[in-house]
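Given below, in the form of structure tokens, are the structures.
In the two complexes below, subunit A is the common chain; its partner is subunit B in one and subunit C in the other.
Up next is the complex of A and B:
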């Protein structure tokens, strides 16, 4: 972070809020359409988009130092490791018959 | 008198001491910017472990839902999309007012901070109120896991597992909101007393980060718990 704090304006916050509202309607609407296995993919893609907007704009990570950005991404990577290794175990148990 | 003061100011380097240091700047920081950076990073480190904390529950959800998709879909159909959807809107709106409270702090407007924090607490209260209505429906329909759980359809044990995860995840989420609202109430009083300045508002920014994190958890909980198998398949 520089000496002068980067201040996000009210306009940006309102735009992000409206985008989050549109995405919420989209996720509800998409749930009622039969997309087969892609229903979950669409729901998660929308949720990740919403979360990213909140993290970057509401939580100011857009203007954060490189150290903070690495910390945020590392948190997400550790989550992927937790999911990846555990699910590799659960989903492969039937492979050996 | 003024000339001697000017002379001493010009001749000696600025050494911070207890009198000249700005109020609110801790002694181990060189500047407000450095103090703010440390506070911001520290809060993110806390949130990263919160991600792992909730991550375990999301993982349990994925494992059980993959193993018993029909039971999870029929459990999910018992949840009210309208109430869940309204709560999603309410919580995102509270994130907006929280962001505006931090904005007011950055502009040094104490009254703005108080107003936006009160709005955030009120929206949080609406969310928890609707959650209470939902929980009481579940209680009356005997969908709360435990000795009183009743399920007429197939695979009752795994429908009960869905409700176990539903109550664990939304309950823990609601607990986080109660903590956040309590912290916000304290911060509102301090802001009213003028404790925060343009340079020194780390507490508001930190609690704001926490509040947005709780919002993000709900952004994932809503589709995963409420919107399963609604396409009639």
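Up next is the complex of A and C:
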């Protein structure tokens, strides 16, 4: 870590920790409500928010250099591409009957 | 290698004895250790190929048993891919040249560099042990369910060898990435880097990101074979086809680990022997990165006929053809560099031109194979064998030999015999084409790969191929002999025998242990031969002006 990076205060960690706990309870709570296919969407949206908080605050990416930021974004984009083209196979296997 | 009579100390005579080599952390000495090791594996892999081609000279299986033949082609593939081609240019030429080219004293992590050679050697010993105990017969790809449930050969010990060796590749890649980011000489910006360095940067990304997938795949294979944990075997609840995307997510990018460094070598040679700045520097640099990235998205083209959805096949077909774009950019830019260049036909240039021609054939047949209809017709035939040998041997190996001939004076401080080296380039080019062109025809006519016997109709083409392989074998022996000969008897090389551009040519041949007596500063663009000439002339004028009175 270079010298000019800002240091995140303890307060921010506590807030994020509480936010993660609240979001976890929300996930559990949402599981008991029948939203049809949207149950998955809600659960994934909450998970995405939690992961973003962890990456930005706990993993210090918010104050990291632009090179680190671009590496993180590229990593997620890459995962998306790999999932995407794997699913082209998975979803279209039944098309021919 | 004998000591210099002038008494100049360099990395070869700085220290003597086995210990000074086995415990060295000098990147140049580690490169030599790699050179010796990969040459041994190349010779063994080549021997397997000779035995195969001898068997295939007649239609009936009359020399080796079918099982032996299966082991021959498997061990040939395993040795050549994992123990020769993958480390060839990066671990030998890359190790030797990267610090020299960027004006650094060594790689970022010299001890990790030495560790990578030991890891490679341990992996190699596992594989050699398996070979001596009877080898393995699964094909170099270790396809399941054969490798997990049916093969009764040394699958695990060979796989462990490959698994271990993978880590040496990861460490080399990591070392290169950090070195290129952190240790460039003052003035050496990213777009002044030699294209050899760009190619190695792209290669290192593939090594670091792709090789762990190979490790995971082999690990899962071992779990199932040893402990019957159901991953690939349907009887245990697994999926046998799962192995293929996992294997090819590494193994296809691995092809680019082989060929990208070779492209870097060709960029250096083509500019040096055309006396010109490369045409479209940035395009060639970015093309390396594009090939590395796209290489990860094409695994499905190995699965067109193995239960992958045809719709996914269409997407993978398209993605595979995309790889042809950056590859073609490189070929066109090398050709454009030659245009109006001041070309000299030295040995490295002969190899580089051979590379361009053979790689183009390999690449274009790759586009044919990426086409769904053609692939279904020629799948698992000799057409595929010929295609990937044009890439791996015609491409990667020609580049390696071109690079060895280009930098040999720098590595050893000695010149090799010109006549014999040009002859070897010619013999290899002819032998290679005679071996593999007939295989395209055989494959198109329907001869499947991996059989030790075939119908009589195919004999003429097979005999041509076997004859070519003999010529090719002689072609490889010639450089081996004169390289070894030159270390003692070769003419002493100048610091820059080709008058080439680049920091590695500015230090002495062979270089001192810490490469440069003073850290160099870079003020010119890469391959700026015209500007260098101008500066030289200006320096001559001012030097002659200085002695004039007045």
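Everything below uses one rule, namely that the second predicted complex is superposed on the first by the 94 of 97 C-alpha atoms of A that agree within 3 Å, B and C clash if a C-alpha of one lies under 4 Å from a C-alpha of the other, contacts with A are read in each partner's own complex, and residues count from 1 in each chain.
Keep this in mind: a contact is a pair of C-beta atoms (placed from the backbone, for glycine too) under 8 Å apart; a residue touches a chain by one contact, two chains touch by 3 or more.
As the structure is a computational prediction, the values presented were derived from the model and not from experiment.
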{"item": "Simultaneous placement of subunit C and subunit B on subunit A, clash or fit", "value": "fit"}
{"item": "Which of subunit B and subunit C A:31 touches, first, second, both or neither", "value": "first"}
{"item": "Partner, of subunit C and subunit B, that touches more residues belonging to subunit A", "value": "B"}
{"item": "Which superposed partner A:14 touches (first subunit B, second subunit C, both, neither)", "value": "first"}
{"item": "Which superposed partner A:41 touches (first subunit B, second subunit C, both, neither)", "value": "neither"}
{"item": "C-alpha centroid angle, subunit C to subunit B via subunit A, nearest 10°", "value": "70"}
{"item": "Partner chain in contact with A:70 - subunit B first, subunit C second, else both or neither", "value": "neither"}
{"item": "Touched partner set for A:22, first subunit B, second subunit C, both or neither", "value": "neither"}
{"item": "Partner chain in contact with A:88 - subunit B first, subunit C second, else both or neither", "value": "second"}
{"item": "Where subunit B and subunit C come nearest after superposition, their Cα distance in Å", "value": "6"}
{"item": "Intersection of subunit A interface sets (partners subunit B, subunit C)", "value": "78, 82, 86, 90"}
{"item": "Contact set on subunit A toward subunit B in their complex", "value": "1-3, 5, 7-10, 13-14, 16-17, 20-21, 24, 27-28, 31-36, 39, 43-44, 46-47, 50-51, 54-55, 57-60, 64-65, 67-68, 71-72, 74-76, 78-79, 82-83, 86-87, 90-91"}
{"item": "Contacting residues of subunit C [partner subunit A, same complex]", "value": "245, 296-297, 300, 308-312, 315-316, 319"}
{"item": "Of subunit B, residues touching subunit A in the complex", "value": "31, 33, 36-37, 40-41, 44-45, 47-48, 51-52, 55-56, 58-59, 62-63, 66, 81, 85, 88-89, 92-93, 95-96, 98-100, 103, 106-107, 205, 208-209, 212-213, 215-216, 219-220, 222-224, 227, 230-233"}
{"item": "Parts of subunit A lying in touch with subunit C, wherever the complex brings them together", "value": "78, 81-82, 85-86, 88-90, 92-93, 95-96"}
